[in-house]
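What follows is a group of structures, each given as structure tokens.
Look for chain A in each of the two complexes below; its partner is chain B in the first and chain C in the second.
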Partner chain A sequence: MTHLTRTTARTLALVTLSALLGAHAQKATDLSVALYAANPEAPAPTAGWDTGEVIRARTGVNLKFTMLPTGADGDNKLGSLAAANDLPDLFEIRNRNLFYQLIRQGQVAPVSSLLPQMPQRTKARYGNAMRNGLVNENGQMYGLQEPATLSRQYGIMVRQDWLEKLNLKTPTTLDEFLNVARAFTERDPDGNGRKDTFGYCGVIDFDTAGILPGLGLGNHFQWVYGAYGVPGTWNYRAGAAFAANVRNPNYRKATEYVRKLVDARVMDPDWATMKRSDLRNRWQQGKCGLFFESVGGLIAGFKNFEANNPKGDLRFVPVPKGPSGSRSMGTFANAGTLLVVSKKAMDAGKGPAIAKFLEWAHSGEGYFQLAFGKKGTDYTLVGGVPTVTTTNVNGRLTNTQLRFLALNGQAAELKGRYGTLKFSDGRSVNVYNLLMDTRRNNNWIDRSGDLVVPAAPNQADIDRYVSESLVQFVLGQRPLNDGNWKSFTDGLNGLNFAGYEKNAYAALKAGGFVK
Partner chain B sequence: MTNVIRSAPPAARRSPRQRLLARLWRHRGLYLMLLPGLLWFALFRYWPLWNAQIAFKDFQPVQGVLNSPWVGLEHFQAFFSSFYFSQLMTNTLLISFAKLLIGLPPAIILAIAIHESTRKGLARVTQTVTYLPHFLSWVIVFGILLAMLSPGSGLVNKGVIAAGGDAVSFLTDPGAFRAVVIFSDIWKETGWSAILFLAALIGISPSLYEAAEVDGATRWQRIRHISLPGMLDVIVLVTLLRLGHILDAGFYQIYVLYSLPVYSVADVIDTWVYRQGIQNFQFSLATAVGLFKGLIGLLMIVIANRIARRFAGQGLY
Partner chain C sequence: MTRVRRQNDRAFDRTVNAFLIAVLLATLIPLVYVVSVSLTPLGQTTSLLPRAVSFNAYEELLRQPALIRALGNSVFLTLSGVLISMILTVCTAYPLSRPDLPGRKFLTGVILFTFLFSAGLIPLYLVIRDLNLLNTYWALLLHGAVSVYNLLVMKNFFQNLPESLEEAAKIDGASDLQVLWHIVLPLSKPILLTIGLFYAVTQWNSFFEPVLYLSDARMMPLPVVLRDILTGLNSAEYVESAATTTAPRTP
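Up next, the complex of A and B:
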């Protein structure tokens, strides 16, 4: 072959390759994906993002990723996109009210046709009929309901060093809890000579992924209602006498206990206006003896805590028992991320691309890329457990902003996410074990059925009425006596609460959650 | 031989359209500057009026504004019959009127004080310092208020406790909360509101003051008989404009400051609409309430304008 012929052949090969690559690039499907920020503290991915390039190369998907703000802001953003009939192709939805509304409005598509196109993912994640029932409407499956990956990571933490200093035992009952909280408030456990510590730190917080706050005072006080056997909104075991827990006499007793905590001044006087971030600042500063926190919160705050409290020792305590022996940290939904496909995307023929992308994200390279970042840079596998190796925290978090598509909640994954905290004095805490302990020791109650209960037309008024009344009772703005409690429960009638209960019962019964 | 002088046709012979075009061309620079403002009004004030019809419909985004099913006054009825309607109206009107009635005099007094100041440097510094808070977001103001009023660590409460009193939960006590809302608004907005009044004062001819001084008028008399009447137009204008927004009690401020313990005295129409309308995705309901507010605002302006014309001799139109 002459030089000229070789050159011509090379040129032809290059042209053919370019044409093929060009054809491949033309085949890439544009896919808009919106997920709630997995790592809100880290920046959103930018154009030219590594993971985006890998996704394009492996799945032929040209990803346009939108990071939704967490909490109500994210819900509102999705709501606005829905109002403009401009929903992303594939998106995560946390607000069930919005989910059912989008189904009624015909903005989301049935997804059962995708299941055979992603066999591994379907087998591992969407095989539970009860869980799939959470996303069924009129016999159609309108969402990909992932199993729960990380609920029940919350618990009550105690300053073990304070307990030892004041010669106190870990509280196991409500009475003991109050006594310990009093001692932490009044006996100067930090030894600084000032009365600047609080027995229990909790705030009014309804916005915690993975657990169900129910009506009332929010997540940080559910354990009190659990001690009286009335955690969450609904009493699933009441059968035909089904009613909201707020009607149960024990609900008042639990409220009286919270009132006792307030009365004894063991809580920060600002607790009713504080946010979760304020609470975190307080315990990291060493102001809280007992407080409601998550394993994730501990990881995020322990360095700051250690800097302020070099000898501080934090432990989870088992949830305290009530007078009749009941105990529960609260209620949770055994359901994780809910992924939804817009009808526009399905009509545009994007179903196969979505299925291919999700299947890729389920296992192997895709799973590790989305859940843990770049192999060799962000993490490495040690005995099958992904272990973070980078010190560029923000870079790794940015690389894993799509991790909700991949996470599966298996032991290896959790061990990888929750490693060991090392304190400067040589102590170490295995956070994975802590997580398992909080799940085991706190009698969390599965109330997944709550997700199918339709919101009342005046849901905001109902939420406000119950929460506001309880806050007034516990703050002493309204004396907690028979007359006022009756007036409070009678007031529910003005909100058509009975209608709300009736609809809840019907939905729970239809879903097989109550008999 | 007669010389015939031919002149251009007089302007009066031009058609109205030509005259209009000529006028527009003559002032083209001004109209060009006006254009962005007009576009803004068209896009954000008039175009939404078309979409406001969803207040009478069960808005379905897929079907669009036009094709969504008609439900008449259902959303208005839902609002009027809502559990907290009377409380929402009471809170909104109380807070709004209090902000207007208590907030206006300090702005007028500040403007007069700055105008009367003989030390111009000090006047300028005062003006700058007093209108700076206007640029702070309510989130920052909330932080400042917390640092001042917190029962645990607030500066004010430390003083109260040092004086032998009990800490006051200003932000969670229904008896104190409205005062916090009103006075924090006055603190934040007085300097900004004073700018308009100051502009009115600057517009008064200095010769009036000089003549009054020559005639022996005291400073107070000059304020009473020259400054205040000279500002009256602007005072009426500002009052009328604010009456048009009487059902806007300040969403951002209250949303940031309020909490469950004070809902009974703080929940206003806008915060309710946010929770019930926006967070529950009832956009038609939210629009219906918006229309209702607009209607009340219009009514207030018409009535107040008539009153102003009758008693003060001048109005907005």
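Up next, the complex of A and C:
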């Protein structure tokens, strides 16, 4: 080959390569995606982010990922972006009032046209008419409502070693629960010679991840209201006599039971002001005989718990029954991440790229990459179960920042996420089994319809009024008698609570959640 | 009579001092408690003073790469923010403090107007976006770089400096800039330090602006990252993040 031929060949090769690269660059679509990060404390993705590179190579999407802050800050950010017509192409919304507001403002696009473009994802996730009803407005589907992959992971845990030490049985009724809590408080179950343990640890907590709180004292006391048949905010089974549970006489009885727990001094005196992280400190320190916790919280606190309580043994107790036999740990919504596409993105023709990206994230390589990280580095498959192997925790967490786009809640996935905890003395706890137990055994009530109930204009006032009044009742700051209870329920009229109920009924009826 | 009054005075002083010391101690309790909690070994019961001291919490925190980066971001934003704010504030306050500035009252009025009536979040966002400052540190440094309150405090301070010093400098041939640099600023150290501190605290605590204007999480300052860590601690999905760093790895 002559010099000239070699030069020509090289030039041709370069031209061809450039043309290919150019074609590839032309096909790549810039996509801005804003999500609540799966691992908020993990470092942000860097320029050479593994997952970003894989997404670009497989789907032709140049992903620009923004982590949304939780709570009001995230809502304010999205609200500001919407007002400036600057919403991300694909984003997550947790505040449904904001979601409906954006629909009315014409800021978000109907997504029905995307469904045929991602057949596997649609079949697995968006086929439930009731769930899709949560995102329908005027007959159009405005959001991709993912099913909940991890709801009902909460339960009441008990120190089994304390039960055995004090020769007590697992409580099954409210009365037995109080007796056991009292014994855990008064009979020095940790044997340190001090009365420094609490029978029941719970806090006022309204986090809605996988579990729906009702008006009042929050998730950690829903099981008490469940024992009286009034968990959650609404009574779905009352038909035309639909009303809020707070109007039911049993609601007062449940409140009286919480008051009993407080009066018996079986709870941490700071419970009304403590946060969930404080509660976690308490049980990890070995201060709680019974406590409300998620399976995830158990895994996270296990190491500290074992260090402080080498002989400690934790189990879930079945949710206690009330006087009439009712029992429920609380209410949940079968609705997870809500994804929304901005109208701007759809108008710009980014729909197919969004569909392609989401379909890739649903199964196969995309699913594993987003949910578990880089194969061989971050995880391996052991008998079909993804098993974390990495020592570079932060690297893995960065790779899985988008995992809520991928997670599906199937058995193999949950087994991978919830493995076995091992005590140093050889005992072990299969956390996946615990998760299944708390799902099956606690009579959880699906109240997904709560999500379509429009917030009252004075929702914050209503929430505060009910919550503060109940705290006053259970702390004894306000005697719990007929007069005061009537005064409390009468006070709802001043907040136009009846109007709130009426709107709730109309929305639930329209959505097919009540008859 | 005099002696009696003095004894009463001393008693009064002692009472006041005792009261103020009590207030001081009460104010210190939460701060001491926070330090104590941070020094208590993980898992042990916390108390006002730690029974044993451990720096594990600090080690754990400093091991977080996101935190170190955020700390660096905050330091950078605070230092550069204070510098920019001080330059702009001094350069605005000094001319406004000179009685011979044409339209001085009008200019002061216009500035004061912005103090009383804010444009609101969305117009501000639009301005930042249209200036192409989104996702740049300039959005945080220039937005609110001059605080009207600080500006007016500084202007009043400059106004109260003796005019004769400026006149003397001008007779010696100093320009306006030289008067500012060699006469006014050296005499204004107290106000410069005070206003500088105000700016530093504001910039250090800045939380919502970074959340609003920045989309690259690597650029976030410390308050945002600390909030994220706290969010993780109180999250129901706790296991997804912290479990892998604090609990034994699952097989």
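The rule we apply is simple: the second predicted complex is superposed on the first by the 489 of 515 C-alpha atoms of A that agree within 3 Å, B and C clash if a C-alpha of one lies under 4 Å from a C-alpha of the other, contacts with A are read in each partner's own complex, and residues count from 1 in each chain.
Criterion: contacts are C-beta pairs under 8 Å (C-beta built on N, C-alpha and C of every residue); 3 or more make two chains touch, one makes a residue touch a chain.
Everything numeric in this text was worked out from a predicted model, so none of it was measured.
Of the two partner chains placed around the shared chain by superposition, chain B is the only one that A:E468 touches, whereas chain C remains out of contact. Of the two partner chains placed by the overlay, chain B and chain C both lie in contact with A:A83. In the superposition on chain A, A:S324 makes contact with neither chain B nor chain C. Contacts of A:G301 after superposition: chain C is touched, whereas chain B is not reached. In the overlay built on the shared chain, the residue A:D75 is in contact with chain B alone; chain C does not reach it. For chain A, the partner that touches more of its residues is C, with chain B and chain C as the two candidates. In the superposition on chain A, A:Q284 makes contact with chain C only, while chain B stays out of contact range. Of the two partner chains, chain C is the only one touched by A:M67; chain B is not. When the two complexes are superposed on chain A, the residues of chain A that touch both chain B and chain C are 76, 83-84. Chain A contributes residues 32, 34, 37-46, 64, 66-67, 69-70, 73, 76-77, 80-81, 83-84, 86, 150, 153-154, 196, 207, 209-211, 275-277, 280-281, 284-285, 287, 294-297, 299-305, 307-308, 387-388, 393-394, 396-397, 400, 403, 417-422, 431 to its touches with chain C in the complex. Contacts from chain A toward chain B in the complex involve residues 72, 75-76, 79, 82-85, 97-98, 101, 105-107, 204, 268-270, 272-273, 343, 455, 457-461, 463-465, 467-468, 471-472, 475, 477, 494-495. Partner chain A is touched in their complex by these residues of chain C: 42-46, 64-66, 69, 121-122, 125-126, 129, 207-208, 211-212, 215-218, 220, 224-225, 227-251.
Across the complex, chain B meets chain A through its residues 59-62, 64, 78, 82-84, 146, 150-153, 167, 169, 171-172, 174, 259-261, 263-264, 267, 272, 275-276, 278-281, 283.
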